[in-house]
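Each of the next two complexes has chain A plus one more chain, namely chain B in the first and chain C in the second.
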Partner chain A sequence: MNNRLRPPLWLSAWLMFGVALAFAPISPYTATLATEVIILTLWAVSYNLVYGYMGEISFGHAAFFGVGAFGVPLLAREFNLPFGFNLAGGIVVACLFGALVSVIIRRTRGVYYAVLTFVLAEVLYVVAIKWTNFTGGDNGLPVSRPGLLASPLSYALFAFVIVTIALVALHRIVNSPAGRVVQAIHQNERRARQIGYNTDAYRALTFILSGAFSGLAGALYSPFIQFVSPDLLFWTFSGQVIIMTIIGGSGAFYGPVLGAAVFVILRDFISSWSASSAVIGGVALAKLGEHWPLFMGMIFFLIIVFEPAGIVGIVSRFKRTWSRSKYRSELVG
Partner chain B sequence: MASFKVNKVTRRRALKSLGGAGAASLAAAIGIPHVFAQDKSPIKIGVVLPLSGAYAAQGTAGAQGIQLLAEQTNAKGGLLGRQIQILVEDSQLRPQTAVVKATKLIQQDGCKFLMGEISGASTLALLEVAEREKTVMMTPYSSPEAVTGSRGTRYQFRTYSNAYIQAAVAVDYMTKSVGKKWGVMAADYAYGQDYANHLRRLVPQHGGTIVAEAFPALGTTDFVSHLQQASTGNPDVLWMVEYGRDATVALNQAVSMGLKSRMALGLSAANTEQVAGMQGGVFDGTYSFVTWYPNWPSPESKAFVKAYLEKYGAYSEAAGVHYIGAQVLFAGIANANSIDADPVIEALEGREFDTIKGKITLRAYDHQAVQTYFIGKGMVSGEFPVPIYEPMQTYAADVVERDFMPPPDPKVHPVRWRKG
Partner chain C sequence: MTWISLANQLILGLSTAAIYVLVSLGLTMIFGMMNVLNFTHGVLYALGAYFSYLLVKLTGSFWLALLIAPLLVALIGMLVEHISIRPLADRPHLIQFLATFALALVIEQVIRLVAGNDAYAVSLPVAFAQTLSLGSLVIPSYRLFLIVAALMVCLAIGTLLAKTQVGALIRATSEDPEMAALLRVNTRAVSTTVFAGGSALAALAGALAAPVFSVHPSMGEEIITMAFLVVTAGGLGSLRGTVLAAIILSQASSLGLLAVGKYSDVLTICIMAAVFLVWPTGIFGRTEGR
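Showing the complex of A and B:
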């Protein structure tokens, strides 16, 4: 087979996950967890456009996610459009918001970039909290989904199909000539500009695209939960996508995919202790589960200290040892 | 592509035949040994509460309250001859997590009933799950009016007060007995905003005025400037619409600013956890609206307080209100003689229940509890090691229903109400 046409390894694994989802006899709750992984995967991968490929920390990506999430019920209410249009509308609104933000942040770099994206997202959060008549304020809004997608499994498969298309698109974008320019900007922006690339435009484009796909993730998320509230716009939620990306590893396209999966599964596992009555070493497990963010924090800390490249780093370390030992055995043989 | 389609069809067919077989065996199980098939398995009740985050203390105590009633009921032979099993999940104080956990409790663990939440947003998110899963949900401890108002569903019941009742009763007592000039500090989210809107209408109706308002954000740690703003114009009453940690911090700072000597201080809702460990100098003489409190003067309530103290070593308002909610739900199940949603709804709707705080009626039209409340004045007494609210004026259930609850309004409930 032509090398160009062969799907990358991550995509094969991802599709196998989808096949398992469709055909394995999983419980509705497993389907629910899988849906969360699928949607957060898209969010983390699109966040990595900015974080891993462009090399900027956006601390306000919950804004895009939240805009997409709010877009679905608001468009349904205001314009009474069918479900598909509301999903698409969520992306469009996220795009527009991304364009607006990228105009404001076009000259900022580094820590100022992080602060400005953070502040703009917080502004949106405050608007959502205060504009009770429109967004429901803290009480949030109920979100409906079509009857065809009512069961957890059918929605999981629906989300899987959409996210797979989006991931393939993102993979193409990253490996396109424009994507290479963005990576060049990451390495040395001044040089990229000297060569003749309009780096500001590329940076803005990356940010908007990242926002659009985050918006799509949000637009899939609120019909999944069937509820949306402003805490999806809050900065702690932005922090979550950063953590997922770093745990997985920003250095490879598939890193955030692993990060999202590990994050959701770990969180669900550790916080399920809080309802347990077991006692380990004189400490009630429930007490530990109550402090699940502590454990997540510790895992995050260990990764940052010992393997800043995340799970991707661990994987490539194994790959290196493996190929070295293979090389050695070949020499001996 | 073609093979994929074929696969899918065969899978469907396989599932259908499997489902058919399952239904057949189920029918057999129900048809012949009817009693045995139902008898043994416990009735599972799913509880979603914040066990981590800002309301962790209240959530944990609430779960304990429900657990205590389940144990007491089980010791007496259970419900409908079956044991009750309480499954608790942590919402992490996020509505999204609450939804996922409730879905798990119902779909995976097989819970037939749902109880929760403390955060208003989470409650409103959960009642969507209850509606979707056609599961009866009891809310023992959440204040937004929308829960039994614009967003209410026929699966949702609430044994707690709501923002309107809290405001109406507080205004009635405070304007008549304490003062007519009000300063208001309300947390800037749905509950606080709703409450403040009611005050703006109710205070003038009682011949009073609101001279100052302040709206600190949820989770504020420094209330000094907000308190200053809310106390300008020297009001007689400074009413703080805050809950949990925010209430603790706000009351402490108000007292340390010396406001207590100049005006009456009050909190919108009484809670033992938020005033735990407060000294007499801070707590004495502050007012609050009380749905239930450990000093509630009924023998049943005293028995509960004693049992809870023996088991968990604490006095807890959160545990008590959850205990009350569970009492009503269990009674509904017992009266329905069924664990199916429709008969239980029928057995709850418009019925009266005996609880540790007396009679509670769930209004048929919106599933909101009609019950007795009191306005309390804080004191640190020898009898309780926690600060308590001494009842100043009790508002009996019938008075509350007549004067302090909005009358039934058929327009409030959208189409989905009553839709089977």
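Showing the complex of A and C:
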């Protein structure tokens, strides 16, 4: 911390990624893939406020994401707001939902926290499915984006700018005094309460903030896929952000960034098998390609069992052996 | 006229409650034993339905399927416990919960890979294929059978836990595993037994539900929502709470259908949310949430 103005390493890498996005000659397909990584990165990092920093599992974060995603077409239709206001509207609605849920879950911890967030998110899913006049039900709604952002690359850059600002804000938040309190609550809530912190309020605030940024991610997502359906609210989608966060590593701020990237690239890679005609061990590769959650589930399981710190843990393990061998060679040499 | 539709919805709700009770009892017993909410419970329920479809097709007997499908799924349940709960025994319970979530994803995809995305129908057993009519009230007799079957299973579990040697071992182990182990109870065997038994109950529910709802790959992810809601609203680990919550939940949704139409599911979940506002760990939950 000797130089407060020097950006952290993850931010430099992230900005380099942005520069590459802007200037490297990339295909529209790559730009689309990059956009998804960018948006899901924001979702996973904001999810990690609750999982990594506060130490609770929310199984209902798809609700926030979905609220933001639905907010864009609904606000445009009902109030005729210009595009930027829709994004902000998604955040506001996500905040409101987060506040409502926080009231209900304020005294719950652990498994109950996971199940209650799971169940309350399900309310939104059911409403979205049943209220067909408003949300389009199973058919979903089309989402348009302004002409300026019509091309994949321009939307990728737009998403990159917004997400970068959000990531910097999130980084400031987790390293702020309030962020430290939340980490203290993670380590020992009773002690934090006895020191005099209103732990319930800090927990609720963390949940709402995490939800607000998830809502922003959702609001960026639906114009990106130009479509929104209740599937975005279903719990299996909440499961995806948990997988991203844990695969990347919840112990570091940049862990979920890696997780989102690995998740999207891996899913894309496995899905691409469905175009292949190879047969391995009697099973057509094309058929396996449709079942990417099978492989994602296996990888997730292996990570949980063998490397709970995720990719961040693997990297630091490599770093440790590397520095040890360097030290040894210095001794010998 | 209205009392007939009321009675109809009541019986419909109770028969749904029967399925919920059977699924949730296994889930809550497993939680009571190892403090882990088992996410694979939903796919085990689905597996029960698929096995029963297969067995009905092979043997032609619904009753044989009802017997064998739970046994097969109990074996799979033991495997799940062996690879997801055992190796993570000294890690936080929430990590074990996530491990079972990962396995649930895998098992569901295996089902889709093997059986495809189509839905299958299991026909009603011949003995319960017809309807009973009481005046102008017409009840499908299979619905009544479901209610009676769930009641019998509840009684059997209650007797097993309260009156038998095995039940005493189970109660002792879930109360205080260390003390039980000191008294030379093989706690590992006991918890594996409970896990297998809970899985068998899920499969039994799946097999019983198969003729009413069709057999399809997402049935697991649908039932797990309800099962989680039931066991937490009742209080995790509490058997009577589970039964009570299952009845409240299913009646709210079936009677609510008369009151608010298609939004009855929303009403149900709102009632449950109110339950959690009053009792944060469920109606019969322990005061300190674990």
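Observations
In this text, the second predicted complex is superposed on the first by the 322 of 333 C-alpha atoms of A that agree within 3 Å, B and C clash if a C-alpha of one lies under 4 Å from a C-alpha of the other, contacts with A are read in each partner's own complex, and residues count from 1 in each chain.
Rule of thumb we're sticking to: a residue touches a chain if its C-beta (ideal position, glycine included) is under 8 Å from a C-beta of that chain, and two chains touch if they have at least 3 such contacts.
The structure displayed is predicted, hence computed values, not measured ones.
On the superposed chain A, the two partners chain B and chain C do not both fit; they clash. By the touch criterion defined above, A:308 lies against chain C but remains apart from chain B after alignment on the C-alpha atoms of chain A. Residue contacts after overlaying the shared chain place A:265 against neither chain B nor chain C. Once chain A of one complex is fitted onto chain A of the other, the partner contacts of A:138 are limited to chain B, with no touch recorded for chain C. Shared-chain residue A:227: touches chain B; no touch with chain C. After overlaying the two complexes on the shared chain, residue contacts for A:165 are found with neither chain B nor chain C.
Shared-chain residue A:20: touches no atom of chain B or chain C. Looking at the shared chain after the overlay, A:201 reaches neither chain B nor chain C. When the two structures are aligned on the shared chain, A:293 is found in touch with chain B and with chain C. In the superposition on chain A, contact is made by A:152 with chain B only, not with chain C.
Clashing C-alpha atoms with chain B after superposition occur in a single stretch of chain C, namely 113-121 (options considered: 23-31, 77-85 or 113-121).
Across the two superposed structures, the residue set of chain A contacted by chain B and also by chain C is 130, 291, 293.
Against chain C, the residues of chain A that register as touching in their complex are 57, 103-105, 107-112, 114-116, 118-120, 122-123, 126-127, 130, 235-236, 239, 242-243, 246, 287-288, 291, 293-294, 296-298, 300-301, 304-305, 308. Taken in their complex, chain A has these residues touching chain B: 23, 27-29, 32-33, 36, 129-130, 132, 136-140, 142, 150, 152, 221, 225-227, 229, 231-232, 271-272, 274-275, 286, 289-293. Chain B makes touch with chain A in their complex at residues 7, 11, 51-52, 56, 60, 87-90, 92, 94-97, 99-100, 103-104, 107-108, 120-121, 124-125, 128-129, 132, 144, 146, 151, 188-191, 193, 218. Per the touch definition, chain C reaches chain A in the complex via residues 31, 35, 37, 84, 87-88, 91, 93-95, 97-99, 101-106, 108-110, 112-113, 221, 225, 228-229, 232, 236, 262-263, 265-266, 269-270, 272-273, 276-277, 280-282, 285, 289-290.
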